[in-house]
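What follows are several structures.
First chain A sits with chain B, and in the next complex the same chain sits with chain C.
Moving on to the complex of A and B:
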């Protein structure tokens, strides 16, 4: 897949005060505790956002919508990233850009 | 082919926008639980169901239908289904749960009303104005539709003179208490879960149960709303020995329910792992959310009996109450 990078992607996704991808330190606690065993974990999705890889991000819809939003990762995140808000923001972005909702 | 999730989300979005609920069920069915209870309409304090318990039999049928269609050529008809549904509400035509399937969920609401009366709480009910909160749509990121709907719900509260709301399920509780204040300017309604209200006021049980039950905390109620001690205190008061599974309290494990609508197989796998954790500590379990109850029950089959916490508490508080009690009782704080 050829990836076009969009430097404004994080701004397009961001809901005021909720999107906190830059706070993620890639420590992997979210990966360790996720009850859903997501194929691609929040930190990887955040990485795509920070890179501006919109096409790659939109190709991960199953991961984005299969997050349980249970918040177990958020409860234990040492960086205090609001992961559930972030996942919801990604869904909002996909609803608009992929599904035209 | 897999289910086209854009069309599934689109149908839920259209329903909320056009008809006020992700699965618009007839008002008569949504309010049936309150028949004969003599609950006054509206008032300063109301018991708000947000239709979550009433929706469960419909959600079960919808998920079953999607499971049958998933990975078959029929999944390709979803876009057509969405177009038809815009013109004609397909929910009451396609989803028709049996009365005996609906009855246990209606009974939960009746039990909650009974317990609040035992606790001396005066409250009304909004009947046709007891609208769905938008919880599932919010989780799916349908922010604009949910924001518009939230204004409709708050307008219904204001129209009925409501200032205090008692909620019955975790998802509605967090929508009203945590999400709505970010969506509706000047939101000033006081929102409490019935478990929080009961924990302060319910008198000692007259028929303590003497049972050991594994407690499944709701992710939303424990983590988002911080309601952890209240269900434990109420169960202990009802004579229940609360058995804590490996993941419990604020670190509770999800039931899988939130993704059931889009990925039923993933939901089943998560629920199965949770049932194992519960089975390891007690012969039966107790839940406090309708989505948890239905998902864990499916995974547990006959291996772990599960009940809603309201049912357990109701069994321990047997003294009959009458509709007239509400007129002489205290208002909830």
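Moving on to the complex of A and C:
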């Protein structure tokens, strides 16, 4: 299935000012340390947000709400990406778009 | 000529173990034992590393104390260490041409790792052959040639311009030949360039002003080098000036404004002919349709305005860059450009940063194969990500596709599999596609033929040694610099240009140069001039001269490369090659045959 990208997605999500995922180098440390074993691990989730894969994100509510917000990935991230803040913003986004809240 | 007979010679033989490279397969003590009684041998030793300073000192001491008149080192390929041990001989007062390098590594131990006895027997034969040759050597002196204190620089891009100035700074005369009507090359057409954002056009304008102001430099534009004759240190180059020559007639040369074809005399030639950019094929990744540009075309678009980017009247809000177009093509495809073009990753990242700085809301997607913004340019890559550029990794067997969008709005859709998104197929709606095209070798067949510079399988010019002789070619006095040798950034190109200047000046500033005396000589008493040797010479080194009533062949020893091609064709055996005389070669065969028997 082809996912069409929406370049303005990051703006629509209203990511926090501390969001720094543009600095993500896809090193995979976040994925390695994640204790929750998420279906869609942090680095790939961050990448989809950056690219603007809106449809894919909206289909990933299970992952987005399963995150423990423990911050282990954020502690280890060499690029200083605010992963938990981004998770919270994504929940707001899903609340608005997927669940109409 | 009274020469000592081989048995009366005083030869030192050193057999190297090469730290096991040789001694793991060849029984070195046995080799020593079997050659120490050869005629003329007075010293025979083994060494762990003959090229080490300690062993070199030992050899020097032997030469002096034992009054050696010949030296044999059996070690690696002559390509590696002939000059090393010639220098050892020279330091000890022995004529360096009485030294013989015997190759028992590449041509023996490494080739016969499965047969130790066979390897040892072969090594004994090779060393015997080397001893036999050495016993028939006599002192030779280098050929000294006067050099003309001027250089010919071919190519007026950033490399050629900077090299011309550096040669002039050293007090050398320069003829600078540019094929195009104006100087400056690629850089002369660029705006801001990485890494420091300086404008290429401004850089070139400054260089051209400085070049024009120098009396030592004569510039020919719209001109090509069409012939080369003479030899190292004294080349005559024919320059065809079409259109407007703009030289200043210095160096006593003719005024090129009026000359259509002129000849200049130079001691060295510096080739800086640069590269071409890859031109995508029609339809390759959408090339040919509106909104698909190459990197140089895109840079021109960005340079053209300080305002918002537009293309064909449409605002540019989203851009997709597709990397490695025309570079790193699959191995095995005929004519494939398998090389990485080095500068394109960084040039694209830098251009994307300029776009972001102008309007941060422009969305930029980079579809890369591997990011090679190496060294300090990594910081630009990092900055571009922070400025909002998005990077997608495409894999080689699933290249992106570019298609026009349906509907009146125009625009393009790039479809790609992003490895970072788990290989998902993503569709990017964009306004502009930039094909990141790299460097390809210039079509310069005529010049290549004139200068006889070797061309590699990649079709770029070849240096002698990529590390130790990176700008010299096998043609003495002809150096290569810049991107004619392979893709380079402008920084690397100028660096190699200045290296070529240093190599050229090393010859020209001394006023004379020394050539190997290993050249062919004609015995005029035996020669009956039949022209067969002249036909056989690939270098045009053989002419004829009157000798009394008859004519004989004469060899220009500054042009002769000592290839030996003329020796066997002579029906009267009138030609011999210094350092490889018939007597020496025959004795080497005897030495080998004796060991085999």
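Criterion: the second predicted complex is superposed on the first by the 97 of 101 C-alpha atoms of A that agree within 3 Å, B and C clash if a C-alpha of one lies under 4 Å from a C-alpha of the other, contacts with A are read in each partner's own complex, and residues count from 1 in each chain.
The rule is short, and it goes like this: a residue touches a chain if its C-beta (ideal position, glycine included) is under 8 Å from a C-beta of that chain, and two chains touch if they have at least 3 such contacts.
Given the structure is predicted, the values throughout are model-derived calculations rather than measurements.
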Report task. Judging by the criteria at the top, classify the pair chain B and chain C on chain A as clash or fit. Result -> fit
Requested in this report: Mind working out whether A:92 is in touch with chain B, chain C, both or neither, as first, second, both or neither?
Outcome: first
Query - Where the C-alpha centre of chain A sits as vertex, the angle toward chain B and chain C in the overlay (nearest 10 degrees) - result: 140
Query raised in the report: chain A residues in contact: does chain B have more, or chain C?
Result: B
Query raised in the report: Touch check for A:5: first (chain B), second (chain C), both, or neither?
Result: second
Query raised in the report: Where does A:26 make contact in the superposed view: on chain B (first), on chain C (second), on both, or on neither?
Result: second
Query raised in the report: Looking at the overlay, does A:47 come into contact with chain B only (first), chain C only (second), both, or neither?
Result: second
Report task. Based on the superposed arrangement, let me know which partner A:56 touches: chain B (first), chain C (second), both, or neither? Result -> second
Query raised in the report: After the two structures are laid over each other on chain A, how near do the C-alpha atoms of chain B and chain C get, in Å?
Result: 23
Query raised in the report: chain C touches which residues of chain A in the complex?
Result: 1-5, 7-8, 22-26, 44, 47-48, 50-53, 56
Query raised in the report: For the complex, which residues does chain A have touching chain B?
Result: 15, 35-37, 61-62, 65-72, 74-76, 88-95, 98-101
Report summary line: Residue set of chain C touching chain A in the complex reads 317-318, 363, 365, 382, 385-390, 392, 415, 418, 420-422, 424-429
Report summary line: Listed in rising order, the residues of chain B that touch chain A in the complex are 5-6, 9-10, 13, 138-143, 219-220, 223-224, 247, 250-254, 256, 258-259, 262-263, 266, 269-270, 273-274
